[in-house]
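Below are two complexes that have chain A in common, paired first with chain B and then with chain C.
On to the complex of A and B.
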């Protein structure tokens, strides 16, 4: 490598899932990563394949084809698209830094747009649930130290958050719980997942009937009789036994995932889960931690909340923040055909959104700020490549449990590629110099 | 470029310099108060107006993880109070937990220029600083929580005060914190198991120390480190009937620790911990007893935590107290324990005049303010947003300066409370000088901020000008005008620049973040760092290397160095 010296960086923070593992060891030189240690398989691959599939130059669509251009031109085009639009959508944000998200809110206010993050299509219902029922939660270390009962419901951390069980739950070593045998694990899911195979009890709930099971459990926890023999495919005795386990534990922790929030009932499921945990605190100590996905989706909610008062789906078209999910949420505004331009930062809605929303998205000009090629970048008018947070750029991120971390740069980004925060700042400056509409 | 400003002919109230309503000019150069300025200085005519140092709030939950949990949980709190963007300002929302931009603007509009966030979970301090960085105009700082920290309790148990002091110094540096905050010492560790401690001598489960030992040790540490502020204490048994005795016991338990001429302990939001009685129907005001204690002792100061009859959001690190109160309100409850350190709770609530307990609480706050004789020992707060939002300060001021204003409320509150409160029999009315003391001079002094809270030469040019003509205004009768004047400052000046005119923000500037950097001997620090290194991975799910916040993280960092005696 032409004389570049190799070093090993320790305590590197992983920017894949929101578990915030911060004990990685990365062997690298100034430009390339040789190897990654201590991470899960996904983490190692994220670091070692950092160079794959990258966008290396800003691209602007001319005569139907994306062609390389300069940053200045791409930023100018992006600013023109956004300031011309009547109802621009600024979407994504869960895979970038809080500093960049902050710029996103500023830009949304400047152009009078709708800013939404990926929460809208994952744990948005959890937030709506907690706005009704509150939430009894804690940081992951409290679970590690104290929990003698762990419940995974509608999630499969062995695959989605691979180090969750070893760092925080059944296989972790805490102050008051030292070993696997001091903790019990219950898994509730529609199928026997790999996580379920580790469980002391696996409860198979019928698809889309979690709400019934949660409500039945809550009924039993509150000491009332269940009248049916079987609820949501689970025999009454099993539900009563589960309720007893929950009430009798010293410190219980419920983790739930998209199996609750994105199946029938959505925010009602989340509300039922949060209410169950709240009620359990009358009898014992119980907490709940939603299994957020991307490494900074929590941060997207935090920044949006402290700057606008609302965690996602924030409409700034009136000059002040409004929040009305279903109306001001990205998918709905797109499906209604109201959005007339989109800025997508560190996300891929063309792959992930429902058909009706994607159909409209493909009709409007998209500006994508993204390190790697995605279906969304391929469909864009303007593509601006960005550095990857926690590998090529430093930025603040929030773990699932709201613990903030500074994910530091390990190597340089590809030549000329800039961090999101700089790109967004340049778009803001250009938009201002074009003359603000509002 | 030199920037000069001359504020002419105002009635100046500057209690720290003994200026009591004298008509005089204040000269400002480059953000500082100076002896005089040149002829080209910008003139600001303050004739017929009251000039005070910018307000200094010692205790207001404006930033950090639990404030943000509260914002997230309560969209209904914001939707009726939008704050549109203007030419100078960013948009946001009110009301009890305003978004960050709105927080800075609303403080500035009241003439406040410095505010301290009083309960930061150390592990989440980075979050607090992210929000503080974003709050415009005002200067700020935060108090990290120490009262339930495992390292603290272990050092206390081992009786190693010097090592504890070095640890606290390490933590203040790591979290960029300003002072030692203690919330329900030991009680939050008990909350791990759904329990609480019952008082100063109830041992903490698994740690074999008592709240008394924790509080005493941290006060000794405060002295050893020469920290600018006292230990900021939220005592055990918050919100419980009969807790006034715990509050007095907490103050009494550190009386023998040398004070060096300034208080060793600040007991906060005493309205919440000043209750007599054995049960809720029997709750009475413990204000006379607490005021008597404070009047007779110089080692403590207190702040009000005044209650306002309105919607509020309760938020505190006191997890068990929040759950206990949630069981009464049955509204919405948020709980967020933080590993090895502390907890947090948030509950939505409403105070009603017709509610007996609420009416007593309202009275306790005002009785404290009126019965504590020395305004240098008692500070105006609402424990925002627990007693009420900070935007209610002008209302509290109107109650303090006017018996008539108080009586109007007394006539409307619960009848039993009317009979049982001492308030109707108290005639004292605050002067503007005393208001200036409890809202800026005394708070700045208590915080040890030498350049704040006064208008002497060398002070930061943080200045509030209010539309009150003291020689023509009878505060007691014209309390409505007083309230209006304090709600919308005629001018607010921050670091020598006019940021508010006629109650509206005309300039968006960035304030500084204060934190304390005690200098501890290398030997003491090395011992503690070695011990931390050996235990950190056992206690935390974050690596020690990833725990501290670097100074560059603060947009405008202002470290206060102290020299420790270890």
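On to the complex of A and C.
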């Protein structure tokens, strides 16, 4: 076929997790991907399954069934739903570009809504913790070159961020740490995970008791005596030995995951972890990087903060931003039955929110902007298909450590399918032309 | 024993993420996600066979999933259900003023349920609507 010559794109950035691996080689023509190399198993699946389960036409619900329509009609219906609503929720944002998120915040302000991103059910507690305790941090490159002690706490990167260990930590080749034997790995988890199997020391903490263990470690790091024989299932001598390993390293890096943010204590666990790292800096060099999940969840926080002053859970109904997680957060506002319409961009809350929140979500009109079919798209009033960032559209994303990257387009989206940023811009324009109540 | 008490946690698994990319309505996704990984000793105590269906019940909901022997053991009395619509039937929407629902660390009962069926994704969505 004409114009269908194969080519290999190098240094392609992966848009699955927030590790931002930028060494992929994608063999493709203008429309299809043949093969993906260098990526982890998830990345290869993401690139080679790009065409599967796609939404190809905008859909609007008429007489209880989703029926194909035009972009113009779908955008009109979306704008009408959002401008009619008293308290619309604009949710998702972690799997799209910063440019699209920026439009989302503008739309939330225009319609007087609540804008929240998936941070809320991920590392939201971490952000609350770092607002209290601060964050001694660095880029992943510095960890790769210099760190001689790595700690994974409540995270399992072999499953969630599969190339994190090879690109940035124990198996990476840095300038000053060249081999596995020059680094030590501590893993703290409730299960002996596949990551824990690689560790020099594995600490099995009892569930929901991380806060106690973190506090005990802080006590030991600060040279105080521990009075109990065992804390959170870990013997005192082991805690003291861990504290010594931390204090005696040259450059330590703590990566923590949802094992801290989703369990009892939530933001207090994050604050304890961040405070432990702060204390360690009196003795040595130590940094902390939360293991953010989706490829642009960090970008969602950045853009939301630039435009509203707050990283997530921002209520714009009063004409000025309010941030009060527990009140202005998606799950809470849904579970209390307060929101009366939802715009979901690149996310699937019907699958992933607890039942009590989903029950209300399924009662209100949902507009979904999403490349692939999900339970949320199936339950929507309006479904607008979008191009996949980093594969079919170019956009800015933020890596786990806050480094912005340009995730470039590799192939064309399916015929007629548009990028999120264009769709949101069109919804904004249509909403303005309808005349906004506020 | 026909039932055991556990702490249930949810999380990412490699197969959950891979099959999600192929499509949430695929059989492969349901096989990777509608599952409960148990410590081998807990599995023995429960008397469940690999692949047999079990009922997981918390104070907030219940769901039927397939039991599997954990490859990331030991973790006595901890059950792992990957992120997904099945796991989210079990969790507490209360966020304790953090915005974050409790998706890990809830008390749960696991019972053998060889006769019960694992719901499809569509059926789970309907259950959430009820």
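Operating definition for what follows: the second predicted complex is superposed on the first by the 435 of 438 C-alpha atoms of A that agree within 3 Å, B and C clash if a C-alpha of one lies under 4 Å from a C-alpha of the other, contacts with A are read in each partner's own complex, and residues count from 1 in each chain.
One rule holds in what follows: a residue touches a chain if its C-beta (ideal position, glycine included) is under 8 Å from a C-beta of that chain, and two chains touch if they have at least 3 such contacts.
Just so we're clear, the structure is a prediction, and the values are computed from it rather than from any experiment.
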**Prompt:** Now for A:124: first (chain B), second (chain C), both, or neither, which partner does it touch?
**Reply:** second
**Asked** Is A:250 in contact with chain B, with chain C, with both, or with neither (first, second, both, neither)?
**Response** first
**Message:** Contact-wise, after the overlay, does A:98 reach chain B, chain C, both or neither (first, second, both, neither)?
**Reply:** first
**Request:** Once the structures are superposed on A, label A:262 by its partner contacts, choosing first (chain B), second (chain C), both or neither.
**Result:** second
**Asked** So, A:138: does it touch chain B (first), chain C (second), both, or neither?
**Response** first
**Asked** Who does A:310 touch here: chain B (first), chain C (second), both, or neither?
**Response** first
**Prompt:** Which partner does A:335 contact after superposing on A: first (chain B), second (chain C), both, neither?
**Reply:** second
**Fill in**
Residues on chain A touched by both chain B and chain C none
**Complete:** Given the complex, residues on chain A that touch chain C span 16, 41-42, 45-46, 49, 52-53, 116, 120-122, 124-125, 128, 156, 158-160, 162, 190-194, 196, 204, 207-208, 258-259, 261-264, 266-267, 293, 312-313, 325-327, 329-332, 334-335, 348, 350-359, 362-363, 372-375, 378-379
**Fill in**
chain C residues touching chain A in their complex are 7, 9-14, 17-19, 21-26, 60-61, 70-75, 78, 80, 83-85, 88-89, 91-105, 121-122, 124-125, 127-130
**Prompt:** What residues of chain A sit close enough to touch chain B in their complex?
**Reply:** 10-11, 13, 20, 22-23, 98, 102, 106, 109, 127, 130-142, 144-146, 167-168, 175-176, 250-251, 278, 281-282, 284-285, 287, 301-303, 305-311, 316, 318-323, 396, 398, 402-406
**Message:** Applying the document's contact rule, which stretches of chain B touch chain A when the two form their complex?
**Reply:** 63, 65, 67-69, 71-75, 78-79, 82-85, 90-93, 98-101, 123-124, 126-127, 130-131, 134, 150, 191-194, 206, 323, 326-327, 332-340, 343, 346, 538-543, 545-546, 549-550, 553
